[in-house]
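Presented sequentially are two complexes of chain A, the first with chain B as partner and the second with chain C.
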Partner chain A sequence: MTALTHSAPSRLRFDLWWLPRGILLGLLAFAIFGPLANLLLWAVTERWYFPHTLPLEYGFSFWARVFSPRGNAMESLTNSVIVAILAVAVSLALAIPAGYALARLKLPLRGLILLVFMIPQAFPNLPVYVNVARLFYEIGLNGTIAGVVLVHVTHGLVFAVWIATAAFAAIDVELEQAARSIGAGPLQTFRDVTLPLAMPGLMASAIFVFLESLDEFTGSYFVGAPDVNMLPLLLYNAGAGGNYQVASITALLLLIPSVGFMLVVERFLKADVLSRVGR
Partner chain B sequence: MSKRLLGLILVLPALAVIVLLFLVPLAASVVGAFVADGRYGLANFEKAFALYTQDIIFTVVIVSFSTFIIGALSTAIAGYLTLGENPRAVAILRWLYRWPMFIPFIVVGQVLRTFLAKNGLMNNMLIGAGLITPMQASGMLDWRGIVIAFVWKQTPFVTLLLAGAMASLDRGTIEAARNLGASRLRILLEIVLPQVATTLVVGLILSFVTMMSVLSVPLMINAQSPTMITADIAFRINAYGDYGVANALGLISLGVTACVAWIYLRQTMKERA
Partner chain C sequence: MNDEAFLDIAGVSAGYGRTPVLKGLDLSIRKGEFVALLGSSGCGKTTLLRAIAGFVQPSGGAISVAGRNVTNLPPDKRGMALVFQSYALWPHMTVAQNIGYGLKLQRKPRGEIAGRVDEMEALLGLSGLGARKPGELSGGQRQRVALGRALAIDPQILLLDEPLSNLDARIRLQVRHEIRSLQQRLGITAVHVTHDREEAMVMADRIVIMNAGRIAQQGTPEEVYNRPASSFVAAFMGAENRLVLTGHAEASRFGILEGSDNAGCLVPLDGRPLASGSVEARFRAEAVELLPAKSRENPSEAVLELAGRVVTVSYPGGLWRHAIKVGTAEILVDAPRAFSPGEAVKVRIPHQVLFLFNSREASPPPKPVSRSGVESRFLEVSEA
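Moving on to the complex of A and B:
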């Protein structure tokens, strides 16, 4: 009997504390998932107008329209993926040698060089893109895939170089020395020992660049449009034209890779690499 | 070949991309801001201030206000993640808060435009719950929409940095303060926050710069006057091909950012001296 009277108030107190906690967490969940739920609803809506709380009719006819071979959505999707893949290829081609040099070789002004790659993230980039567009226009790069790729590479290079540098720095030098001492040349050592060990980090930097490129709006808007259509431009135009279904479906296409990456990022970016980023 | 030379050769292509595709256009925008009708002068700035003073003030106020809210919210969330006593609540919060971080700004703009509109899901749910009548429903697609979009997207980023810094603090002082009976709010504000202030300021400055250069959110949520400088720059170029005033506006936004960075640098200098 005494045990019961003792435990009852403490359990009651526990439950009472869940009240404010639950309300606050619930509000936060509403603030985060409410807008996302709205996006999902619009993506499967056929008809929805004021003052109806929920769509009047659900369906996938807009999905069929977006994915029809003649629709400009497929063109935008293809362009976006091509540009993102090329941006990853170019960024890695630049970042692997740079990252290796920054991690392994004695460089003068190493800290300053690392900071230079940060510049495109640290300045408001809109005035820069405006002038890049003008520059590209003069040399015939404006409105071409190559032009958009170059803009995306510039913006994503900080992730590529910083993560590649951290990935190379996290590799034990003795493994390379061991390979050299049993007769492997420097290039062979790099190809067979260093590169495979750095691969998870390089994969992470590739995914970062891919997502940056996929989601980039401002540069594509000035350098690409109207000749090179990309998914963010399609989203913008569909939304501006009041077609919330197509805009929401496009938004969903952009959202899925981003959220998917958030869920797996820790698998690629191990703590030993992460703790060296930016150093 | 010396290691230094080899290293420089390996870094050079990547550096060249940044110089040619970012620093050169940046310099062009600075120079271009002072060229009007083929002559050097301040004509572009006169025009920019004559037409857009209201928008410049609007931008600075909006971005500063958003930065303040982001700072308060991220401190609260990171503080609870560090000092929270209920493991289940901490786990739920940790899972919950990150979601908007990787969502692109253009998607944030679209998502919140449909959510906050007069006939958006938020008002529909408030009406459905009987909290407001349909006559009272009003859209939030003005300055409030922009602030909400910025806070929604940037808070997780600052929280992530801040929670990381708080987690690496020495638990000893926190436990000591708690044993002396200090409340958790007081521990957060007087012991934890001063030690991670640098991280908070760095996160907030990065967010400030990001918000200053986002074009999609103001275009999608509130393109009418007053709007943000970025939308004005896009308008000057698309409607008039007026690079002079666009560059002047760009330099003004660079100046605002530089002020914020300068305040930060002075602060850290003072701390080290």
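Moving on to the complex of A and C:
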């Protein structure tokens, strides 16, 4: 009896907890999906001005404008995707050996080096890229795809190395030793045991670099423009000119490679992650 | 003996950082021999195994296999296979891929690999599990996959690093015999690291007991069990009852002087190098006879008789176990019938099971870890 009277208020309190949680979740959902909904609306709008809650006229005439030969959309999209893929390739080529070496270091030293890697990120982007642009101009890298890729790699590499280090550190050294003991050389061991086991983590770091590269504006602007036009630049120009339709359509275009890349990577990720969960 | 040494370890020292773990250790193992390295944790047995496998670089000494010095060879060039305590199966490969990996490295044709993998699976009772991932197997099955992976490449030497310690007690007893009979059938040279005395006894041809980076004693299971060379070995092999007595050595016999709690007696020396003075006596709980104090039956000459009082009685199964106070020391004694607490008793220790040592060990022997309940008696005897 006494137990019942004690439990009643506590259950009530428990029930009431859902209220703030629900509100919080609702606000969060609005914060995430609200702008997206607005973006979708703008992409199919012909006319929409201030006092009206919804567009006055719907249509696809702005899509035709974006995709017209003068619109630069396809060129920018191609540039963005090429740069992103190259940035991923270069970052992984650097992050895999660096991450592996760091992962096999003793812990305090590893943490220190990773922290040192972070220092460049502490400086504001703008002055850094202005200087990079000047330097690249002198050596002829300004306005080239290679230049933009380099800028994006420096931007994403720190995090790529961090994630790769974590992925490699999670692999038990004994799994590698087991391969060595039955006759695998160091490179064979890395190829057959270490790399497949680190793959989910490496894929995560690839996603990160890819998305960062697609989104990157400051570096692309100073190093790439006007010779190499990237999608975020197009977006910026349209947005700054008050042309929300073009900006929204460009933003949607920007989604295509991101979602596509994530779908591809997720396919690779699933098989591996599942085999690990069962362990 | 040294001529037929297949795996020869000569003066090997090794350590981590500045802490020495192995101190100039010599050991030679014949072809086809099963050697167990037995010791408590931190004695260096795993370090020795890893030095043999090539994962620990010795700071001194040499390791050779069939006359070939392998000390500076990487692990993959030594023709050995190591079975890990954690099994270290590759989670992204199937059972068949795990077992066949070593053969794939040898660039064997696909058909031959498949045949050998089937053979190993049949040998180890893993048939039908080839397509599974290690995560879908039980502990015993994983252990067998790890063994199969090592055996598939036909290693010259099989190294086992406590491969049974992660198994359930019942499966462990079974796998012990499986590994032993497999090793005998295939004629493999095997080095097995364990801290389980019974496991070492039933599996090995030769037991090497290690203590603080050195070999404390080596010999067949009977030798180390019945003729321990030191107080440490005696304690490790289960003779944990410990008393301090005084005596004097004669030509071929050792006379134990009568003390406050023991009668005097003469025991044959049997070639033991005992000097007169204070000796440490060790014996096993199950090896002695327990009698009522008023028993008139006279002991034969070569039997040490102690007088004491029962403190507690328990029944671990089979025999009754008595804790008995002898002077200031407490000993454990098994008897087929129960004596009641407080009862005055006599303990008779035949000379064959009474281990006497002159020197006191520098460090007190650590408690051996034994999984079987009957053997788990730990006794810290404090003596003046």
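We take it that the second predicted complex is superposed on the first by the 199 of 279 C-alpha atoms of A that agree within 3 Å, B and C clash if a C-alpha of one lies under 4 Å from a C-alpha of the other, contacts with A are read in each partner's own complex, and residues count from 1 in each chain.
In the analysis below, contacts are C-beta pairs under 8 Å (C-beta built on N, C-alpha and C of every residue); 3 or more make two chains touch, one makes a residue touch a chain.
As the structure is a computational prediction, the values presented were derived from the model and not from experiment.
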Between chain B and chain C, whom does A:97 touch in the aligned arrangement: first, second, both, or neither? first
Contacts of A:182 with chain B and chain C, given as first, second, both or neither: second
With both complexes overlaid on chain A, does A:196 touch chain B (first), chain C (second), both or neither? second
Chain A contact check, chain B vs chain C, more residues touched by chain B
Quick check for you: in the superposed arrangement, does A:172 touch first (chain B), second (chain C), both or neither? second
Could you look at A:241 and tell me whether it touches chain B, chain C, both or neither (first, second, both, neither)? neither
Check whether A:26 is in contact with chain B, with chain C, with both or with neither, and answer first, second, both or neither. neither
In the overlay, answer first, second, both or neither for which of chain B and chain C A:131 touches. first
Show me the residue ranges of chain C that touch chain A in the complex, using the header's touch definition. 53-55, 74-76, 80-82, 84, 86, 88-92, 101-102, 105-106, 133-136, 146, 149-150, 152-153, 155, 159
Residues of chain A that touch chain C when the two form their complex: 172, 174-175, 177-186, 188, 192-193, 196-197, 272, 275-279
Chain B - residues contacting chain A, complex: 3-4, 6-8, 10-11, 13-15, 17-18, 21-26, 28-29, 32, 86, 89, 92-93, 96-107, 109-115, 118-122, 124-125, 127-128, 134, 152, 206, 209, 212-216, 219-220, 230, 233-234, 237, 243, 246-247, 249-251, 253-254, 257
So in the complex, the part of chain A that touches chain B is made up of which residues? 17, 21, 25, 28-29, 31-39, 41-42, 49-54, 94-95, 97-98, 100-102, 105-108, 113, 116-117, 119-132, 134-135, 150-151, 153-154, 157, 161, 211, 214-215, 217-218, 221-222, 232, 235-236, 239-240, 244, 247-248, 251, 254-255, 258-259, 261-262
